[in-house]
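Some structures to go through are shown next.
Okay, so subunit A shows up in both of these, paired with subunit B first and subunit C after.
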Partner chain A sequence: MDTLITHSSILIIGILLLAAFLTPLVGRVSERARNILVIGSLAFAAALVFALARDISFNGIHVYALGASSPGLATPEGFMVPVRIVLEVDGMSILMGIIWSIVALAATVFSLSHMSKETGQTRFYTLVLLMVAGGFGMMFTGDLFNLFVFLEITSISGAALIASRTRFADTQEGGFKYIVISSVASLMVLFAIGVLYSQYNLLNVGALAQAMQYTMLDRMALVILIAAFAMKLGAVPVHMWLSDAYSVAPVSVTVLLIAASQSCMYALMRTCFTLYGVTADLTAVGWIIIVSGILSMFIGVTMAIRQTDITRLIAYNCICESGFMLVGIGVGLAVLADPGALAAYGTTAISGAIFHMINHALFEGLLFLAAGAIFYRIGTRDLNQMGGLGHTMKFTAVFFLLGALASSGIPPFNGFASKILIYESVYQFSPILTIIGIFVSIITLAVFIKVFFSAFAGAPLPRYKDVKEVPRTMIAAMAVLAVMIILFGLFPGLITDWIIRPATDALLDQAAYINAIVGAIP
Partner chain B sequence: MTSMLESGYVFWNPIIWLIAFVVVLVIVFFFRRQGRQDYKKDTAQAQIFLCGEEVPEAEQRHIRADNIYWGLFETLKGYYDQVLRPHTGIVNDYILWFVAVIAISAIIILIAG
Partner chain C sequence: MEHIPLNFPFLAAALLVAISFYIIIFKKNLIKLIMGIAMLASGVNLFLVSLGYRAGGTAPIYTDVPEGPMVLAVPQALTLTSIVINVAVLALMLTMVIQIHRHTGSLDSEESRKMKG
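Now for the complex of A and B:
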C-alpha cells in the first residue's frame, strides 16, 4: 500500500493514459468490456486521489520526480536545481484532484446512457480519458513546461469531444472556436514560460519562485499568464467563446469542460500565489482580477436571463459564478502584502473562492446533466418548446431545482455556504462588491425561475405526454452530484476544516512549496 | 460542530436553519388547516375561470420563455444593445479582446508595479 501511495501521483495520470490507449483495442472486442475499462480506470484513479489526499493530510506535500533513484529526489546529484519532470501535490492540488475525479466519474457514468445512441463511442471514451489525464497532469505538475503540455492535452481532447456529435453543425463550430481559443491561450502560456526560462534557466515552479526577481520581463510574463488563464476559464471580457462551446457539446463533456476551466483557475492561482507570491506587490493584479470578476458576475447573469437555449443559459451562469471566485481571489491578492488584512479577511476570501470552485463544479455539473436529460428525451434545447416536463420527468425536475437553488445561493445548499464566506470577507475590503454579489445572486434566482417555469411547470403539453424519465445510470450520475450538494450544504464546517482550509494554507504557504523541492537537494 | 461554518465575524449553521424552517413550515401548515374545509375537487370550484369561460388548451395557455421578463428586457434595451455588440460569434473578435486585455493589463502592471 505504501508503494502505491508513493507512486500514486504518476499512477493517477499513467493509468488513465494507459486506459485511453487500451480503449480502442478493447472497444473492438466488446462495448461492455470497454465501458467497464473506462469506468474502472476512472474509479481506480479516484480511489488513488482520495488515498493520496489522506497521505498529504498526514505527511505534507507529496513530491514525485520521474526517473529519480528515489521518488522524492527532485534534484539529481551534481545539479543545483531540479531538472527532472517533477510532480508536486499539496493541499490545493489534491483539492482540485478530488473535484476533477468526482466530476469525471459522474459525467462518464451519465455518458453511458446519454451517448448510447451516438456513433464513435470508442473514440469518445478515449478522448474523455485523455482529457481527464490531462486535467490531473495540470493539477499535479510541479513544472511550467509540463503545465503547458497537459493544458494542450486537455484542450485538444476537449475540442474533439465538443465536436464529437458530427451530425450537428453547431458542434463543429463550437469545437473550432474552442481549439482556436485554447491554442492561442496555450501558445501565450508557452511564450510566458519562455520569457521566464530565458532569465532563470528554470522550469520548476518551486525553484522559479525562489529565484523570482520580479523584473520587467517577469511582469510581462505574469500579465500574459493571467490573461491566458482568464480566457481559458471564461472571465469577462474574454468569455464569449464559452457559451458558444459549452452550449453545443454533449452535456457530459460540458461538465468536464467546467472542471477543466477550474483547472485553469487553479493555474491562475498557482501562478499568482506560488510562482510570484510575496516577491511581488500584487495589489494591482488583485484589482484587475476583481474588476474582471465583477464584470463576469454582472454580464454573465444579465446575459443568462435573456437566453432561451437552456445549455447556453447555464453556460452564461457559469461565467457569472466564475466571477464570484475571481472576486474572492482578487481580494486575497490585493491584500497579500498586508499581513493584518490577509489574516482579518483575505484568507477567508480565498477560502470562499476555493470552496465556491468545488461547489460550482457540483451544481453547474448537475444543472448541465439535468439539461442533458431533457435533451435526451425531447431532442431540443429551446426553452420555448418546453413545458410541463415536471409531470413526467420528476427526478430530473427535482435535480434541476436542487442545482438551481444551490447556484442561486439559497440556504441550506452548498452555494450559500461558499457565497457567505465571499460576501462577508469581501465586505470588509469593499462593501459595494458584496452588494453587487448579493444582487447578482438574486438575479440568478430569477434566471432559474424562468427555466423551471418554462421547462418543468405548467400543464403537461400533449406532444410530451409519452415522455418518460431518463435511464437509471443518468439518474444515478445526477443523484451523486445532488447528494454531494446537500452534504456540502449541511456540513460546510466539516468541508472547510478537512479540505478548504488546508488548500488555502497550502496556497498561501509559498515557502513550504519551495522547500519541498529545493529542500530535496542532496 | 461539523455543521458550523465560522469566518471570524459571522457563523452559519444549516442545521439551526433547517430546524427554524421546519418550525415555520408547521406554523404555515397550521394556519392552512384553519381554512375552509368544504372545497370539492371535481366541481366548478376547481375551474380556472369561475365565470364559465372556456379554458384554452395546455399549449395555448403555457407562457413561453420568450415572454417571461419581457418588460425587463424592454426597459434594459439600451443596456442589452451595448452588451450584445461584442458577442459577435466571430472568433477573430474574441482574439482581439484577448489582445486588448493583455495590452491594458500590461500598462496597469508596468505602471502600478
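Now for the complex of A and C:
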C-alpha cells in the first residue's frame, strides 16, 4: 500500500495512458469488456487520487522524480538543480485531481448510454482516456515543459472528441475553432517557456520560482502565459470559441471540456501565485484579471438571454461563471503583496474562487448532462421545439432545476456557498464588484427559469407523447453530481475545512512548494 | 557559423511569429490559417533551437566528443517534442478542414460559418 501511494502520482497518469492504448485492442474482442476496462481504469485512478489526497493531508507535498534512485529525490547529488521530470502534487493540485476524477467518471458513465448509437465508440473511449490522462498530467506536473506537453494532449484529444460526430457540420466548426485556439495558446506557452529557459536554464516550476529575478523578459513571459491560459479558459475577450465548441460537442465531452478549462484556470493560478508570487508586483495583473472577469460575467449572462439553443445557453452561462472565479483570483492577486489585506479578505476571495471552481464543474456538468438527456430523447436542442417534457422526464427535470438553482447561487445549493465567499470578500475590496456579481446572478436565475418553463413545464405536447425517461446509467451519472451539489451546499463548512482551505494555503505558500523541490540540496 | 551575428536567428524567429499572427488573425481562408499556425510553430521552434546555440559549439552527443563548447541539449529535446506534437495538430486540423469543406463546400471562414451570436 505504501509503495502504491509513493508511486501513485505517476500511476494515475500511466494507468490511464495504458488503458487508452489497450482500449482499441480490447474493443475488437467485446464491447462489454471494453466498457469495463474504461470505467475500471477511471475508477482505479479516482481511488488512487483519493488515497493520494489523504497522504498529502498527513505528509505534505508529494514529490515524484521519474527515474530517480528514490522517488522523492528531485535533485540528485552533484547537481545544483532538479534534472529529472518531476511531478509535484500539493493541496491545490490534488483538489483539481479530485474534481477531474469525479467529473471524468460521471461523464464516462453517462456516455455509455448516450453514445451507444454512435459509430466509432472504441476510438471515442480511447480519446476520452487520453484526455483524462492529459488533464491529470497538467495538474500534477512540477515542470513547465511537461505542462505544455499535457496541455497539448488534452487539447488534441478534446478537439477530436468535439468533432467526433462527423455527420454534423457544426461539430466540425466547433472542433476546428477549439484546436486553432488551443494550438495558438500552447505555442504561446512554449514561447514563454523558452523566454524563461533562456535566462535561468531551468524548466522546473519550484526551481524557477526560486531563481526568479522579475526582469523585463520575465514580465513578458508572464503576460504571454496569462494571455495563453485566458484564451484556453474562455475569458472575455477571447471567449468566442467557447460557446461554439461547448454547444456542439457530445455533452459528456462538454463536461470534460469544462474540467479541462478549469485545469487551465489552475495553470493560470500556478503561474501567478507559485511561479511569480510575491517577488513580482502583481497588482496590475490582478486588476486586468478582475476586469476580464467582470466582462465575462456581463457578456456571458447577456448573451445567454437571447439563446434558443439549450446547450449554447448553458455554454454562455459557463463563461459567466468563470467570470466569478476570475474576479476572486484577481482580488487575491491584487492584494498579494499586502499581508494585512490578504489576511482580511484576500485569502477568502481565493478560497471562494477555488470553491467555485469545484462547484462550477459539478453544476454546469449536471446542466449539460440534463440537456444531453433531452437531446437523447427528442433529438433537438432548440428550446422553441420543446415543451411539457417534465411530465415524462421527471428525473431529468429535477436534475436540471437543481443545476439551475445552484448556478444562480440560490441557497442551500453549492453555488450559493462559494458565491457568498466571493461576494463578502470582494465587497471589502470594492463594493461595486459585488453589486455587479449579485445582479448577474439574478439575471442568471431569470434565464434558467425561462429555460425550465419552455422545456419542462406546460401541457404535454402530442409529438412527445412517447418520450420516456432516459436509461439508468444516464440517471446514475446525473444523480452522482446532484448528490454532491446538495451535500456541498448543506455542509460548506466541512468542505472548506477539508479541501478548500488546504488548497488555498498550498497556493499561497510559495516557499513550501520551492522547498519541496530544492530543499533536498545538502 | 561564427560570422552570423548571434541575435540574427532571434530576429528571424520574431519575424516569423509576427507574420504568422498577422495571418492567423486576418486571413479568411482556412488553409492559410493552418499555414499560419505551422509558421508560428516553426518560429517558436527556431527560437528554442537558437536559445541553445553556443558560438562554435558541436552537437551534444557525448561519445567521442571533440574539444570546445557544446550546444545545449535541452532546447533541442524540447524542439523535437514540439515538432512531433505540431505534426499531430496540423494533421487533425487538416482533417477537420476536409470535413468542413465536405459539409459547406467552402473554405472561406465567413461563408462556412454556421454559428453566430
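Heads up, the rule we're going with is that the second predicted complex is superposed on the first by the 521 of 522 C-alpha atoms of A that agree within 3 Å, B and C clash if a C-alpha of one lies under 4 Å from a C-alpha of the other, contacts with A are read in each partner's own complex, and residues count from 1 in each chain.
The definition used in the following text is that contacts are C-beta pairs under 8 Å (C-beta built on N, C-alpha and C of every residue); 3 or more make two chains touch, one makes a residue touch a chain.
These figures come from a predicted structure and were not determined experimentally.
Contacts of A:Phe176 after superposition: both subunit B and subunit C are touched.
Subunit A has more of its residues touched by B than by the other of subunit B and subunit C. Residue contacts after overlaying the shared chain place A:Val184 against subunit B and subunit C alike. Residue contacts after overlaying the shared chain place A:Ser430 against neither subunit B nor subunit C. Looking at the shared chain after the overlay, A:Asn515 reaches neither subunit B nor subunit C. In the superposition on chain A, contact of A:Met303 is made with both subunit B and subunit C. In the superposed pair of complexes, A:Ile288 makes contact with subunit B only, with no contact to subunit C. Once the two complexes are overlaid on the shared chain, A:Val149 sits against subunit C while remaining clear of subunit B. Once the two complexes are overlaid on the shared chain, A:Thr6 sits clear of subunit B and of subunit C alike. Of the two partner chains placed around the shared chain by superposition, neither subunit B nor subunit C is touched by A:Thr122. Within subunit A, the residues touching subunit B in one complex and subunit C in the other are 176, 180, 184, 244, 303, 306.
Of all residues in subunit A, those touching subunit C in their complex are 145, 148-149, 152, 155-156, 159-160, 163, 166, 169-170, 172-176, 179-180, 183-184, 186-187, 190-191, 193-194, 197-198, 201, 203, 243-244, 247-248, 303, 306-307, 312.
Within the complex, the subunit C residues that touch subunit A are 17, 24, 30, 33, 37, 40-41, 44, 47-48, 51, 72, 74-75, 78, 81-82, 85-86, 88-89, 92-93, 96-97, 99-100, 103-104, 112-115, 117.
Interface residues of subunit A, counted against subunit B in their complex, comprise 176-177, 180-181, 184-185, 188, 216, 219-220, 222-224, 226-227, 230-231, 237-238, 240-241, 244, 281, 283-285, 288, 299, 302-303, 305-306, 308, 344-345, 348, 352, 383-384, 386-388, 411-412, 416-417, 420-421, 424-425, 428, 446, 450-451, 453-454, 458-463, 489-494, 496-497. Residues of subunit B touching subunit A in their complex: 1-10, 12, 14-15, 17-18, 21, 57-59, 61-66, 68-69, 72-73, 76, 79-80, 83, 86-89, 91, 93-95, 97-98, 100-102, 105-106, 108-110, 112-113.
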